[in-house]
Every structure is written in C-alpha cells, then in structure tokens.
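Given below, in the form of structure tokens, are the structures.
Both complexes shown next keep subunit A, but they swap its partner, so subunit B is in the first and subunit C is in the second.
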Partner chain A sequence: MAIAAQPQMPRVWRAESKPHKFCPGCGHGIVLKALGEAVDALGIQERTIFGCDIGCSLLSWDFFNLDTIQTHHGRTTPVLVGIKRARPELVVVSYMGDGGAYAIGAQHLVSSASRNDLVTIIVVNNTVYAMTGGQMAPTTLPGQKTETTPYGRDVELTGRPMLGPELVAAIAPPGAYVARGSVANVVQLKNYIQKGLENQIQGRGIAFIEALSSCPTNWRTNAAETWRFLEKEMSAYFPVGELRTPEEKPAARLREVPAHGPKP
Partner chain B sequence: MSVAFKPITTENGKGIFHLFPALCKGCGLCIEKCPVDTIGWARQLGAFGTPVVEPGHGKPCIACKKCQLVCPDAAIWIERRNGQGRTDALTAAPQAPGNEK
Partner chain C sequence: MATKPITGEQRAFMTGNEVVAWAALAAGADIMYGYPITPQNEIMHYWTRMAPKYERAFLQTEDEISAGFTTVGGVLAGKRAFTATAGPGNVLMQEAMAMAEMMRLPTVVVVTQRGGPSTATVIYSQQELNLTCFGGNGEGLRIVYSPASHDELFTYVIKAFNSAWKYRFPTFVLGDGYQSKMREPVTLFDPEERGINMEVCRPMVGLPGLPGEERDPAHLRNTYNLEDELYQVLTDSIREYEAMASEVAEWDAWSADEAEVLVIAHGVVSRAARAAVEALRQGGVQAGYFRSITLRPFPVDALRPLASRARHLLVVESAYGQLQRLVQASLYGLETPVSGYLRPGMGITPEEVARAVHSLI
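== the complex of A and B ==
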C-alpha cells in the first residue's frame, strides 16, 4: 500500500507537538515555518539552539527538534550570546515579540547591536502585546485601537511606532545583516532568515530580522481584514526589505571607528 | 515522522489538494490567498471543531501552492497532478557548501 500523503512540515519541526499552540491564523506559525525551512536548507539542525522570549513566542518551547531555552523579556538575546561565547560552533537563534524586544528588554538589543554579537535575532512584530490581551506596544500604529488605546493610539501622547530594524541598522558596526520581512511573503522571509543564519555562521556580525506578523485574536480581524491590515497598513509604515548587508561599504552609512577606539 | 496525519484528498484542476483536518484550525488565511477562489469551507471539522477547507468553490486549481505557503499550521499540501509536487521546501534551496550533515 502506498504511504498516505503527509504534511510538508520543515524537517526540523517537531511533528509530535503539532497542531502547535498558536491561535488560528497566527503569524508566529508562518515565521517559524520560514525559520524551519532556513535551518533545513543550511543543514544546521544538529548545532542550532533556539531561544524564545516571554510573550506568545514562548508557545514555541516544544516547536522544533532543537535544544530550546525560554527566558525573560528581551533577555533571550544575551542568554543566547552567552551560549555562543561558550560554544562558538553552535548557531543561536533569539526569537522574540515586539514588546519584549523593543520595550521591556530593549537595552539588550541595543547592547548586542553595538557589540555586533554573533546571534541571529528574529522579532515578530504584531503591533501589540499579544499574550497579555492586546495592549498597546511600541509598534502599535498611529490611530490603531488596542485594549489600552480604545480611541486609537495618540502619537502626541505616546510617541510614534518604533522602527526596530532601522534602529539596529543605525548602530551596528560593519558586518551586520538587518532586514524586515513579512508573513505575506514567506519565500522572501525565509531567504532573509537564511542570510541571517549564514551571517552568524561566517562570523561577520549580528543578524537582525523583523517579521511583520498577524494576531487575528487581538486585532479581532477575520482572514480578509487580517491580510488587509498586514499588507496595507503595517507594510506602509514598516517598509519591507534589507537594510544592512555585510558586503556593503560602511562609509556611506557609518563613521569608520578604529578597532582600538578613538585616539586619546 | 513518528506521528501520522490523515489527509482528505481532493483532486481539482492541476492540483491534488491534501488537507489534514487534525492540523487545520479554520483560520481562512488560505481562502483569501487563492488566486482562483477555489478554496471554501468544507463540512468536516478540524483541530478546534471549526470547518476545514476544500477546493471546488471557484475556478479550477492552478497548483500555485500559495495556500500551502501561507498556512501557519502546514495543514495543506498541494501535489501537482503531473506528480512533481513532492517537495518539502519553500524554495528549492541547495545545501550550502560546507554545511552538509
């Protein structure tokens, strides 16, 4: 008898934990599919460590057949940088939400970027604190209604949405890879993540990929509205594309800093 | 894979549409992305007791695999009718040199 058709999950996915714990239509599943395909393509399953943050990202604690650690808001990055320093042959992935990465644990992102740490960071931007019920996050769009902005986000009062990749691109030394993808273009997102993993493997510097993602539960959207918000409103504010590649000439964007620091 | 999922298999147009009800959460993201609007709600229920999806509600399937690509739960596998659909990669990315297991 022929073997019945089976789901085409990335090989590194842990089939026993599927269906996974994310809500229907959640973008986390699509980002983790792109990450899984990238790990498969590079053949690095045996030496990849996956770290997830607090927030809905932690629902991935048993998602992969990878050694996995879950840490506190934004601390995922320094924890994985520590693992990388102790075991440089490993490939470390720091998987966080926008709230964990840009608000509650932002200092760790800034420090890692300025040190050009060898870590691949993936931030899932769903414009809200999803796990705690959809409160305003640093990434909430102007006018967007959330649990804590029932009349829409007032930028006069709460500032403008945070641009994470732009921030990392501005401070990271040469060798960094920085990009923003979207779950609306899974193949492109997978390529960005794969380049980010290669950047770490080649020892060039930090890799930072933001993924525009969906949270239908807190957005209270049906499938059509979910795609519209992601592809029209979010993509208009958060441009998708590569911001830094390790091959670029740094002079155009960055002041050259001598390796031994400024002269006294 | 040590666990097995049972498919509902429907032939439509250029594609063989395998849907795994134990994985489908009825989010509808695939319905919105199908360029020929062939995907619609089915009678069977999925992982959360909501309807799963099936082809046959619009023009014939062109086997573009968009639905498979966007499904967050890997609940769809589109096999091309000429039998060349058995690939588990989003893109046919070659093994990177030096990283062979």
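== the complex of A and C ==
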C-alpha cells in the first residue's frame, strides 16, 4: 500500500502531544511549526524557555520538548523578562494572541520595547478573541462582525485596528528586530522568527514578530473564504514585511540619550 | 563572588526599609523587581545602592502587575527573587500571587501597609491583612509573617525566603509604614553564622539536559480542563499547607493564662498591646497579651486554650476587624466574649489599649 509522504515535524515538537489541540484551519499550528523549525535551525532546544499566554495560545503548553510556562492573560512577557533577567543564558520566547499583546498586556509590550528587553515575542493576530467565543479584538478589521460587534466594527465607536509591529518599531531603541509575517508564507515567517531568536541570542535587543493567522471557527468561514480574508483583507490592512532590523537606525524622532542627567 | 554583606554581628540604627534591604542581601536574594510606591520606596533605594556591590540584580518594572510576574519569572528560573509593595500596589500584585499560589512558586513579597481603601494615606495601617492573607481568586495558601520590630523585620525577611523555598507557598512579610519609616536599633547578622542554612533554590525551567530526550520537558500550567483535575491539584496543595501549618505557625504570649482580659494584636500594634498589658499588670489588673506572628497559617492551637481560659478577649488593630475576624473564626464555639478596639488607618498607643481594657472590667 502506498503511503503518502508526511510533512516532517520539527525535531523540537513533542510527538506525544500531537495531533495538537487547535481547531481545524487554525493558524497556531503553522506559527508553532515555524517556531519549531527556527529553534531546530539554531540548535537552542536545550536553553529555550517557551511561555504561552491565556486564550488559544495556552493550548501550546505541552506542545514542544521545551521547558514551558503557561502564564496569565497578557502577563507572559513579564514572566519571561523575569526569567531572562535572572538567567541571561536562557533564550526566552513569549507567545500570545493579539488580545494578550495589544489590549490587556499592552503596558508590558510598550515597556519591554522601550527597555529593549532581550525577549522574542510572537503575537498571533487572528483579529478576534477566539478562545472566549469570537469577541472584537484590538485587531478586528473595520466592519468585521464579531460577537461584540454583531453589526460590524464601527471605528467611530471602537477605534481602528491596532498596528502592533508598527507601534514597537516606533518606540524600540536601536538593536530591535520587528517584523510581520503570515501563516500564508511559512518560509518567510520561519525566517523572521529565526532572526528574532538570533537577535536575542546576540544580545542586540527586543524581537517582535506578529504572525497573521486564521480562525475559521470564529470567522465562520470555509477554507476558501478563510484564505481570502487572510491573504486579501488582513494583509492589506496589516502589511507583511520587516519593520526594523538591528542594524537600522530607528525613526529620526528617537533622540540619542543624553550622557548625564541634571547635576544637583 | 563578592564578599558577604555582613560578617559577625553589626549593631545599627536605621529605618525598617533599610533593614529589609540588608536582610534580603544577607539572605542571598539574587534579584529584586519593583515599582515605586510609598512607603516601600526606600527598600528599592537601598537595594539599588548595595546590590551591584554584591553581584545582585534589580529591575524597575512598569507597574506592580509586572513586578509580581517578573518575580514569578525569577523564581521559576531558580533564583531567590523578591519584590516589595503597598496599598494599591498590593492590590495589583495579587494577580501574580494567585498564579504563585496555584503553581506553588516560592515568591517573597514585602508589604509595607498604608492607609486604605484606594489611595488613602501613604502613612500607615493594618488594613492589608485580608488582601495579603486571602487576596486573589483562591484559598489563601500563603505564608504571612507580621513582624513588630526591626530585629524581627531582619529575621523574618530571611525566614520568608527559607519558608517560601522549603514549603513552596508564596510568602509575605507584612510590615507597615511606621516600621518602614521609623529608625530603631537593630542587630544585623549573617544567617550562616547563626546556624541558619538558606534553602537551596532549584529552578523549575531551564533545567540541565536536552528536554524530551535526556529528560522530560517541564510543562508548567495553571489552567485545567476538568473540575476533577483542578480539585486534585488543590486538594494536594491544601493537604500540604495543613501539614506544614503547625511547623510554620508562630506566636508570642505574655502573662496570657487565665487573663481577665486577653489582648490580641499583631505587628507594630502588638508593641502597644504588650506595653499596656505590662502597665496594667503593675496596676494589679489581670491582663494578658497574645500576638500572632504568622497571620497565615494562624496560630489557632496556641490561641484557643488561652482564649478559653480568659474572661474576655480584646482584639486591638489599626483596621476595622480584619484580625478580629481571623480570631473569631479560629475560636468558633468558645463562649469567651470578643471585643475590638478597631482604629482603621490610625496608630494605637499603650494608653488607648489600657483604657479599652479598663472599659471591659
């Protein structure tokens, strides 16, 4: 009997917890595959700590053969910053959804970006709070219907979708790496994540990668419409690409820090 | 490795916040995470001045939520990590402490109580007893020490690290603004020279060996799918908490047996209570004194027989019945009447306590 060739699992994936717990059509598995391949490529399995948030991302708590800590909603980055400050030799990955990153955990994101914390943050942007049943997220597109915007997101009432990588790129000091990838392009996403891990290993600064992702369960879409929304509508609003590389000088309005403060 | 911060015994005259920083240094604390709030600030000030000299670290976080969760990260990484806060900061800290309670993480938090609720005063109170003992969406599986002097602040900060790492429950030193800001004599010492062995800090993540091949990965979570899973985890924790309670519970008593009025207090107020009871005894009044040093676990077994032989109990506190409720819950079934001298957010003098005792006899 002919057996179709199966795609190879990254070495760092934990076979015992597969098949994974995400819904059919969910993008999390693809993002975690890109992360797994990047960890494999860098040979850092033994010293990588994976932290996941609350929401669908928590389902990755036993996903890898990596020491893993599942934290509270929005608090994954502080936990991993705490680990990194205590044990700088470790490589820490903070994995969360758009709600955890841009709403409840936004103060931590902004502060870690300003401090240029040595942490690699991966945010899965699927435009909804998925685990709780499909409410409006900071990234819900204008007009998009969710459980809390049943007539479509009204930007006059609720504002416009949050541009996370653009925010981090605008405030992070030199040395930061910021990119937005998509589950529609796994090779590119893996490269971005790998660069983000390298940035931390080299001690250059924060690494922030947003991954555009799909949620057919809450979008209530079939495969074709899922793909169309991801590739056409989301990537039109959230442009894919690198926003900051460590060599690059940040925006001109970021001033050089004075060498000393006031002298009392 | 840098030299030890303290060798031999050193007498000093300093504020409580400075004592806390010295105690954390002496205990071998590796890292402090903190956010400014009065009256805790000088703990950070002294720590940031001294820590680099002894190869210790500090991170100023964006808020107390982050201070709590970075402390969680520090202990996960196997380091003796701590933070300090007060009032509204203590409120924010509870989220991380609930996670520490669920995951049995040995966090250490020094609380310097200020007036409440809300922003209230930056000065003093004993109104953070409920929050520190039972904050968070859980069962209060914490260890809470309530020191009354600078010598005790020093001793119990060191002990807090050891109790946290030995029993794996989040541990608090519940001070207050008076203790933080006042100066008094204190003896600083190196714990090892006193025969106090610091508990070994073992990391929970970042363990040696290739995970999945040479060892199982550490997969740590605080989320459960089923009621039964959660119930099992909590039942185990509650059993271990109750098993250690008699080892950890501490109290102090003076002329407490067969008292006409047994005065019960904790923290700095217990000094006024003790002074009042001594004066009352000299005046021929059969007053007694009982002080709870641990508020969690509460020293029920010590208090109950004394309370049963007393004519009247008087709970004295700078809060509106937070200690009194702990006392009454512990003494349920006893017929000894309980009164309170309750002054939320106010200091209490020995004279006031003595008057309150006289009003009962």
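A few comments on the model shown:
The definition used in the following text is that the second predicted complex is superposed on the first by the 246 of 264 C-alpha atoms of A that agree within 3 Å, B and C clash if a C-alpha of one lies under 4 Å from a C-alpha of the other, contacts with A are read in each partner's own complex, and residues count from 1 in each chain.
The rule we apply is simple: contacts are C-beta pairs under 8 Å (C-beta built on N, C-alpha and C of every residue); 3 or more make two chains touch, one makes a residue touch a chain.
All figures in this text were calculated on a predicted structure; none of them were measured in a lab.
In the superposition on chain A, contact of A:Q107 is made with subunit C only, not with subunit B.
Contacts of A:N65 after superposition on the shared chain: subunit C is touched, whereas subunit B is not. In the superposed model, A:P10 lies in contact with subunit B only, and not with subunit C.
Looking at the shared chain after the overlay, A:I49 reaches subunit C, while subunit B stays out of its contact range. Set against each other, subunit B and subunit C touch different numbers of residues in subunit A, with B touching more. Contacts of A:H28 after superposition: subunit B is touched, whereas subunit C is not reached.
Of the two partner chains placed by superposition, only subunit B is touched by A:H20; subunit C is not. Contacts of A:Q194 after superposition: subunit B is touched, whereas subunit C is not reached. Of the two partner chains, neither subunit B nor subunit C is touched by A:E248. In the three-chain superposition model, subunit A touches both subunit B and subunit C at residues 45-46. On the subunit A side of its complex with subunit C, the touching residues are 12, 14, 45-47, 49, 54, 58, 61-62, 64-72, 75, 78-87, 90, 107-108, 110-111. Considering their complex, residues 1-7, 9, 18, 20, 22-23, 25-29, 31-33, 47-48, 50, 68-70, 72-75, 77, 79, 87-91, 93-96, 99-101 of subunit B touch subunit A. The part of subunit A that touches subunit B in the complex is made up of residues 4-11, 13, 15-16, 18-20, 22-30, 33-34, 37, 40-46, 183-184, 186-187, 190-191, 194, 198, 201, 214, 216, 222-224, 226-227. Of all the residues in subunit C, the ones that touch subunit A in their complex are 30-31, 33, 57, 59, 61-63, 65-66, 69-74, 76-79, 81, 95-96, 99, 203-207, 209-213, 217-223.
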